[in-house]
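For reference, the structure is listed below as structure tokens.
A, B, C, D, E and F are the chain letters, set down in written order, and residue numbers restart from 1 in every chain.
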Amino acid sequence: MEESGAIKKFMYLNRKAPYGTIYALESLEVVLIGAAFDQEVSLAFVDDGVYQLKKDQKTTVNSGIGMKDFSKTYRALEDYDIDKLYVEKRSMEARGLREEDFIVPVQIIDSAQLSALMAQQDVILSF
Amino acid sequence: MEESGAIKKFMYLNRKAPYGTIYALESLEVVLIGAAFDQEVSLAFVDDGVYQLKKDQKTTVNSGIGMKDFSKTYRALEDYDIDKLYVEKRSMEARGLREEDFIVPVQIIDSAQLSALMAQQDVILSF
Amino acid sequence: MLHIVNKSPFDRNSLQSCLRLAQPNDAILMYEDGIYAAFKGTVIENDIQTTLSKCKMYVLKPDFEARGMNEGNVIPGIQSVSYSEFVDLTVQYSPVQAWL
Amino acid sequence: MLHIVNKSPFDRNSLQSCLRLAQPNDAILMYEDGIYAAFKGTVIENDIQTTLSKCKMYVLKPDFEARGMNEGNVIPGIQSVSYSEFVDLTVQYSPVQAWL
Amino acid sequence: MKFGILVNEGPYQHQASDSAYHFTKAALEKGHEIFRVFFYHDGVNNGTRLTVPPQDDRNVINRWSELAKQYNLDLVVCIAAAQRRGILDENEAKRQGKDAYNLADGFRISGLGQLIEAGIQSDRLIVFGD
Amino acid sequence: MKFGILVNEGPYQHQASDSAYHFTKAALEKGHEIFRVFFYHDGVNNGTRLTVPPQDDRNVINRWSELAKQYNLDLVVCIAAAQRRGILDENEAKRQGKDAYNLADGFRISGLGQLIEAGIQSDRLIVFGD
């Protein structure tokens, strides 16, 4: 644990699809490390970031595109008490996705709600 | 000079703005090296690639954004007998640019003409 | 001519430029993040439908399976291909333009 | 809150998402390839005009000068700033969201 | 005011490292404090001492090293991202059985916790990337 | 048929090098010839031997080296792009006064003319990038 002080609000804002670039994976690695610190954490999935949570991802180091499927790690977030996962409704709908397409439970919020949440943060880590 | 054979048609298709990424600069470096080979070369500027030719670029290693202005190099292309420079009209107009905004003489062509040119190539190097 | 598109149509303008400049009877392969254009229910499905009436369209299976998409949701008319068939397409068509 | 946008509005969806999620009285700084949104005569000029009625907008001078643009063509209402003033904006507003 | 800076792209390919440098320098010149500059993703490639840029170009890496020296900056390269991309210091090279290392002067390699700490300790965290 | 392959992005950050690898491997397995794989822009970062990817991940660099060995592939890293980004072989390191080098097994460093030549000599040139 770091020295105490005011609990800060951290938002991880994910806007990129998985696999095409490494941002989604390495963003998740920050979230997991960050879980050891005493902060108020939320994850927002916006634009192509919503694809990170798509169910049924199928690839391994020895098959498919030769990368491991890391989507199951989102399920582990609960164990780290990270349960504020927000998906922007508009981003989801534009891509033809529905709530049941996601690998973990999320809160679907509209753009105005997301704006309000963003404004409350101390730190936004955008990937 | 390389071993002879059929003269091949090479098109350099530039779609990215300068400075934000290095593609424009390093694409130009390929064009200059390629000029030593006996090929039929054309350059097409499409989408944000049209910005590469914008007049009046102002930056040096010690001022501005700390990168050198390489736009004058496009003027040197003529000395290498590279004179087929095409700008897609639609890309230019969408960005509020006009023919007189460019640092070198170019042929403004419409999308159908560009498509036809692309189809004639042996190699398209896209950056 | 073969167009290969590796960018999400929602993030970049690559596919849009490809569709603008593709000629009738050209082929278009979607791979990497480009695969997202090939699925039903998106805001660009109509553009894809229109393109299908003039061009052949393909989508790389290992890329869409990695991303949790499946054959059943591919827009009808788009053909799912393997890396090996990707190679075949580059043999069949020339030149190849990568819309990066 | 301060939004910083470094991507061309013609290439990526970053500015579009920024404009959708910016709240009244937020500030928006355009830098790197993001500066192209700040100029007159483009197909997105209207979106910028609309945004100017609710948000403050800034554009980084060294970035637009490097790219051959000049103050005279900046859409009126957008303020041109230096790196030093970029720092001031991040002091004045919090949090800072980078639309990469 | 206290700033944390995050750099997510390598030198030359993207402008991110340049913009981060100019921002950091401007902040320091105005008397602000830079708590840390953290290099993540391809940003770790800013930490190699093996670059030889053209003579008429800026030297992105040396510029960071010199700024660090002048202002006693903490330049931290993420260890996990660095391992993926081939950026090592002498200790890491030994530990991994590699026969060479390439970390530049003024940079150090450490964990992602240092990024979180920068977010906690700084008044502002500014992200530069692609 | 004879292919030239151009790789414009480094390992891990973008999928380009992965896709290029899978394409190249598929072409070879079908009996096609790969005239050359040319690494340009950040693609030169595929040529470092100092990466240590996580144990459960693929090793992008070794995969190229092994494919090169198996099929006698010509893997060429652009010298100008490599100098900007800190990729050197032993000769280059000496010439530039650097105390270390990092080029991986199976790669060689050469000029941009090799890319043009690949375009001329190959039936198809396929570009993988961002």
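Of note:
The rule we apply is simple: a residue touches a chain if its C-beta (ideal position, glycine included) is under 8 Å from a C-beta of that chain, and two chains touch if they have at least 3 such contacts.
Values in this document were obtained by computation on a predicted structure and should not be read as measured data.
Path length between subunit D and subunit F in the chain contact graph, taken as the least number of steps between touching chains: 2. Taking shared numbers over all numbers used, the subunit E to subunit F interface scores over half, which places it in the same class. Chain centres were defined as the mean of their Cα atoms; on that basis the chain farthest from subunit A turns out to be B. Seen from the C-alpha centroid of subunit C, the farthest chain centroid is that of E.
Inter-chain centre distance (subunit B to subunit E, centres taken as mean C-alpha positions): 33 Å. Our note on geometry: subunit B versus subunit F, Cα centroid distance of 25 Å, whole angstroms. Multi-chain contact residues of subunit A (touching two or more other chains) are listed as 19-22, 47, 65, 67, 122-123, 126-127. In subunit E, the residues that reach two or more other chains under the touch definition are 8, 12-13, 15, 19, 22, 41, 57, 80, 125, 127, 129-130. Residue positions of subunit D with contacts to 2 or more other chains are 6, 10-11, 13, 32-33, 62, 94-96, 98, 100.
All chain pairs that count as touching, in label order, are A-C, A-D, A-E, A-F, B-C, B-D, B-E, B-F, C-D, C-F, D-E, E-F. Across the interface of their complex, subunit A is touched by residues 12-15, 18-19, 21-22, 56-58, 130 of subunit F. Remark: subunit A residues 16-21, 47-48, 51, 54-59, 63-65, 67, 69, 71, 94-97, 101 touch subunit C in the complex.
By the touch rule above, subunit E contacts subunit F in their complex via residues 10-13, 41-42, 45, 48-54, 57, 61, 80, 83-88, 93, 96, 98, 100-102. Interface of subunit C with subunit F (complex): residues 4, 6, 31-33, 62, 82-84, 86-88, 90-91, 94-96, 98, 100. Looking at the complex, you find that subunit A touches subunit D at residues 13, 15, 46-47, 90, 111, 114-116, 118-119, 121-124, 126-127.
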